[in-house]
């Protein structure tokens, strides 16, 4: 019975299928909102789904400079790890797998899609991809520091003396004394997290790695057909996973009676977060250069996260 | 019968060394058989010790020439193998056995291999002896043999440029370290009138006199040099690069572990200084600085093996930080990371050797696209790279997680913000490790194949077998952590923290109680959520689900086209329409974004690594002076 | 301000987007947009000016001999046209117009070709009879709709009244001995009437090909027959109607 | 089982890849004008892709100068099936006013099958969008043909 239930968790509810569908929907919302902000109608909400299925229907060309296994395996590994992350994030109070070290596991699992993109890019053997992966790696290094500081601050705040690295404890703590976002000492961390989310997902100002104008889609240059579809699905799921993570870390306290409306509340909050941090910034700014991005993350965003860590550290 | 095994193993290796020198110097057959025979028997002897020491928790003590202690004074040289020393002995034995198998074909092209195998057996025997001895002077003798064997092995291929210089640097810094240890031991001997570690630690329970503090500082500095902590790390970087790969694998797997073992032995058991928070802070800061400088230097390297060398230094930083915390969780994390480091760093050095053997160069800018020519090596490399950067299914993840948890719980318990900073530094260093291995993956295995490397083939089987073994171990240790913890880590941690039964076993019961040493109860470290089997099923299920989506039934999906025709432009790489020309994005210029942002830091760092021996010697002395001053302040 | 465009973006989000839902309403405000070419075959006098001035040589001709005249198919290849409307300017007859229709999308080449035909009667010479084989049966006279031919069997004479004859060509069809045919067309061109001309040189200016020279002081008017393309611009331009199109002698 | 969905979505998310084979940039600006708020081609799913590998519709503008001919052919070969080629403006189909010059090897038809041609020397954005939409529908037929 447990196997069936966990299978359901893995494949259907918070796992692969739900994340994929909702990720695509969230990507659609993001594109629509950005379009509306540029005063144009914008694609229908199910456009990313169309993109995904169209790509499934296309030919997958493997260039002869590419290493076949890594080339085809990378998107799948990215997809698998994203599906796994979702199991640790409490979707409306329901977590499939929870232990005492969720945050560190999430921290590591989030690096795997990045690594998958990098391995995929470098295995395609194109020089554009080479430049793309170096930028992707520097972006990863850039947002990792503030991300870690935020997680430590939340763990310290939620856990008090013995650390709360598990998402469930964070959720219960928030249920007990109000959302993390409304604690004034945690507001800088929330802002830092809001800025980390677009970098991790790779939306406009921070998509230095996949700059389609300068280095023609960076690591994804040699991808076509279903492998490319999988990568596009990965980036859509990343959008959902990261906004889900933000909601569960900072807005986890909202609890209604039933699971169903908890899930709906969770989804609505995810949409709000996506619109707030990914779409608005996307519509308003232009792409950064790589060292500006690195300097931005390691000075401003890390500073915000650090000052909230210090505030929490002094017990506020 | 069991207690004879430790000495037997060590003596066997030294005997093998002499036999190889005498009989095998011109006949390859005899030489190889003697070397491998000695290595295998030593392996079997040490593995036989697992049952008594690890499972039954018994400590093996053996007095040379049966000179048992007389009325509370230890005269003879005692061998004592408790869980901690057996843990390191297992690492040592496994590493040098694999290196032996690897060097069978790797060194085949070299000449006068007789000397090579003699030095190889001497080095292994000395490190094994160092790890298992109970007598501090005997430990010093083993350190001497180890140092000089590794100096000779560093400069083995003396026709290559840079080997003699590296050997010379290693000699100078190494012997400075040994001399510090020797003076320390002399002071200890003057104070405690004995050389047996157990008795020394028993006598020091009462209190530390200025001479013992001086001795403690010097010995700690000596072992610091041996484990290549930052101020002393410079010879390691050169030595690993120029030494033959099977030797640099021994260096990074065994030699710096011997240094770490010495540090643990000295800090925890002999001087029991780790209950003082200030000493802990000092060790942790040294560890954190080593971590950070090691990885940032690695990011700037152009050579494959030199990059791996700097990584060894930074991973040792991890181990030292974890050990410096003093908590049970910290030691477990540190020991497990030491073990994992031996595994994945050994694997990475073997792959580097394979690349060197197949292409003749390890310069990152000249290599590229080798995954098509050497698929097996590429897979082993990827496993090693992912485990060193700590990605979940592999062993690096578990040990690094233990280290983070330990540092952060320490930070919270002591309320000291420095440990939180150390946790953050540890996490960032882990990302930078991942970054530098992405750089190597792109530079060596993926990317485009240069014209002159067209003819490279896969390395012979005898080099691949150790690689497979090590990658299997990497994956297994990562997944079956609870078993590893129960049989290896927990007993070792308990042995580190409980000094009394170490002393009683050597000096007879009740001796420790007389001296007032006390025990700390060690709760086993659980890692509850990590039930790997569920994870494995998880991974496989979704992997299969996703694979179906990608390849799917041929009819409805676009087919996956294999690049059949060679120069059909459809399968050529996209160069904005140009003819396909070779333009490999070299490994060295991958992180210019990061380096331009940190220009100031890198200018200073490259300035410090000047390459002149006198600078390094200056640092060694300066660092020892700092340690001594700190010890005097802290141990008061 | 960190994000200058932020305020505008947020207000945009809540206002109606400015996209014209293109498929439904046509684009308006085209004014003088030069779109698809409309060619009216009848008006065209086949003067050939459009072909001469078309830079990308987008206009092609093919003549197709039809009985009694010639069909001239003029095709405008829109995929080659640069829509500069020079041909429309030069076409005095106004046969070429640029419409504001911008839907010039085609999957086949034919979709983007604008074809037009002008029928041009051949200017035939007068009807002649080959009297030695003629048997004077009088069939041509009886069938001539205008009654322009008179045949006298007895005196073996065959006359024709050139004014009445409309060169319909029915008699040729009827003649059993096939002796009737049109003679060489008398060349046509610009006929100059000395009396009305005041030598104002307007015709010379109007002539697109510069075939006419007028010398005011010694009152001479000459025309270069070869270059003249018989477009009739001078006839239209002459204030005194001194010029007219008609058969010319030499 | 979702073949029908795949075939439908082939026409719903056509990604463009723009090749400028020597054009005077008039058509290039008009093509990009389609993506501006006023015409907004994105509502039909059109998106400019960075590489031919991601492209469904290849939009060619310019009279195929001799320099760009070889690169044009190679890039067109690198686009995965099912693909469409749309010629923008008069230049690709006939070389427009540059016809006959030594470096213009105009009709694009010699090098690939042009599915939709949008006439006009700088066709209006509406015309371009109509052409692209027609190409998207052709894509769907090609996809169904490929699928059978």
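Going by the order they are written in, the chains are A, B, C and D; count residues from 1 in each one.
Everything below uses one rule, namely that a residue touches a chain if its C-beta (ideal position, glycine included) is under 8 Å from a C-beta of that chain, and two chains touch if they have at least 3 such contacts.
As the structure is a computational prediction, the values presented were derived from the model and not from experiment.
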- Task: Name the most central chain, where centre means the mean of Cα atoms.
- Result: A
- Message: Between A-C and A-D, which chain pair shares more contacting C-beta pairs?
- Response: A-D
- Item | Chain whose average C-alpha position is farthest from chain B's own | C
- Would you mind pulling out the distance in Å between where the CA atoms of chain A average out and where those of chain C do? 71
- When centres are defined as mean Cα positions, the distance from chain B to chain C in whole Å is 96
- Interchain centroid distance [CA atoms averaged], chain A/chain D, Å: 34
- Report the inter-chain centroid distance for chain C and chain D in whole angstrom, where each centroid is the mean of the CA atoms. 38
- Within chain B, the set of residues that touch 2 or more other chains is 556-558, 570, 572, 574, 576
- Message: Show the residues in chain D shared as contacts by 2 or more other chains, in ascending order.
- Response: 2, 6, 37-38, 40, 43, 51, 53, 78, 80-81, 147
- Task: Specify, in ascending order, the residues of chain A that touch 2 or more different other chains.
- Result: 35, 38-42, 56-61, 128, 216, 221-222, 225
- Message: I'd like to see which chains touch which, written out pair by pair.
- Response: A-B, A-C, A-D, B-D, C-D
- Item | Footprint of chain D on chain B - complex, ascending | 555-558, 568-570, 572, 574, 576-579
- Note on the structure: Seen from chain D, its contact residues with chain B in the complex are 2-3, 6, 19, 51-53, 68, 70-75, 77-78, 80-81, 146-147
- Item | Of all residues in chain A, those that touch chain D in their complex | 31, 35, 38-44, 47, 49-54, 56-61, 128, 212-213, 216-217, 220-225, 228
- Message: Could you list, by residue number, the parts of chain C that touch chain D in their complex?
- Response: 17-20, 22, 27, 33, 35, 55-58, 77-84, 102-107, 109, 112
- Item | Of chain D, residues touching chain C in the complex | 37-40, 43, 87, 90, 93-97, 99, 115-121, 123-124, 126-127, 129-131, 134, 138
